[in-house]
Amino acid sequence: MTVCSGFIKISTNGLNDIHNITTEVSRFVKKNKLVEGQLLIAINGSTAALSTIEYEPGLIRDLPAMLDKIAPMNKTYHHDETWHDGNGYAHLRSTLMGTSYMVPVINGELVLGTWQQIIFIDFDNRSRHREITLQFVGETNE
Amino acid sequence: MTVCSGFIKISTNGLNDIHNITTEVSRFVKKNKLVEGQLLIAINGSTAALSTIEYEPGLIRDLPAMLDKIAPMNKTYHHDETWHDGNGYAHLRSTLMGTSYMVPVINGELVLGTWQQIIFIDFDNRSRHREITLQFVGETNE
Amino acid sequence: MTVCSGFIKISTNGLNDIHNITTEVSRFVKKNKLVEGQLLIAINGSTAALSTIEYEPGLIRDLPAMLDKIAPMNKTYHHDETWHDGNGYAHLRSTLMGTSYMVPVINGELVLGTWQQIIFIDFDNRSRHREITLQFVGETNE
């Protein structure tokens, strides 16, 4: 049993920029010869989220549209009274969706559906450089 | 310390079919003599979700009603332009709620409230056969 | 590798009472000399949730306002037909946001952003005494 941590660096455009990070996460699994255990994917920050989706152009438009009904971008939030930075919607979306995600690893593979990809969403209202943490606890072939 | 993985197979009717899987998850804990550690419950797929709820008939009607305000079933999504399969709402609900869930195990028992049950929700617009992954990392009595 | 479990006790006012528990969680990390691994934070109950947020007065008002659009407090739910306790909104918010949260620990520190705090939200419509479970799996310095 071992714990194995790593990072993915990513540059985003913000404004609900959705990145498919499945390939990078799979590379982490292969490179570290992970066999069976729990993989935690986490973003440090309060204006982004992690989840899974069928990564295709339609849903990539539908997801921000759905979130805009819940926490509209063009609304003034009390958050602006504190910081005047206009990204209250981004904080609320992050809190609702969550900044960490768990995926099981079995037989050296991520347990995901064929049409299920791991996504990082940057809600912030400006471009950002982000660091995503990958952390595995379980059995490896090292 | 050990990692222990297993599966639950389930047939669903889709259309926001909500299954209380607490008994099956508890059986996995007992059968494998799990004592203390983290239990990951995950579904591979992009039109379903896992969560907890007080599993009683009222909330089982209230939950789909709430989700229908967020991602209505009778709306046309950009997803349909890709696949024409009419289940855009199901993908969005899955991405929002998440496809994995963590429950601690202490003293050989799931740490859940008396009125808190683990549920699997199949949002897809057709009946499905699903496989739910259970994966524990921690101490066992084996 | 070890598993280490503990508890935080908290008294809440209910009605979407939001508590910043980051200090208590950090104290657990320090006290148990946790170095590298996965920290699970979980609440047993079906009317509360865990997440992260920038804990400042504006967002603490914005978050309940957003949730009141999704699951209004002043609406009658089918849940009331079962229990007549008027907290259907609280159950739905808990199911949507989730009752557990994962944070990585690296180099003896929680991996969180500077403006990202761990919060416990009690949605219930009365004051409550709550017990939050903290459970770490990974390497320690003990």
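Observations on the model:
Letters A, B and C name the chains as they come in the text, with residue numbers starting at 1 for each one.
We take it that a residue touches a chain if its C-beta (ideal position, glycine included) is under 8 Å from a C-beta of that chain, and two chains touch if they have at least 3 such contacts.
Values in this document were obtained by computation on a predicted structure and should not be read as measured data.
In summary, the pair chain A and chain B forms a contact in which the copies contribute largely different residue numbers, shared numbers making up under half of all those used.
Rotating chain A by 120 degrees superposes its CA atoms on those of chain C, with the angle stated to the nearest 5. Separating the centre of chain A from that of chain B, both taken as means of CA atoms, is a distance of 20 Å. The multi-chain contact residues of chain B, meaning those touching 2 or more other chains, are 1, 38, 70, 96, 98, 102, 137.
Remark: chain C residues 1, 36-38, 51-54, 56-59, 61-63, 66, 69-70, 96-98, 101-104, 106, 111-113, 115-116, 119, 137-139 touch chain A in the complex. If you check the complex, the residues on chain B that touch chain A are 1-3, 5, 38, 40, 42, 44-46, 70-71, 77-83, 88, 91-92, 94-96, 98-100, 102, 133, 135, 137.
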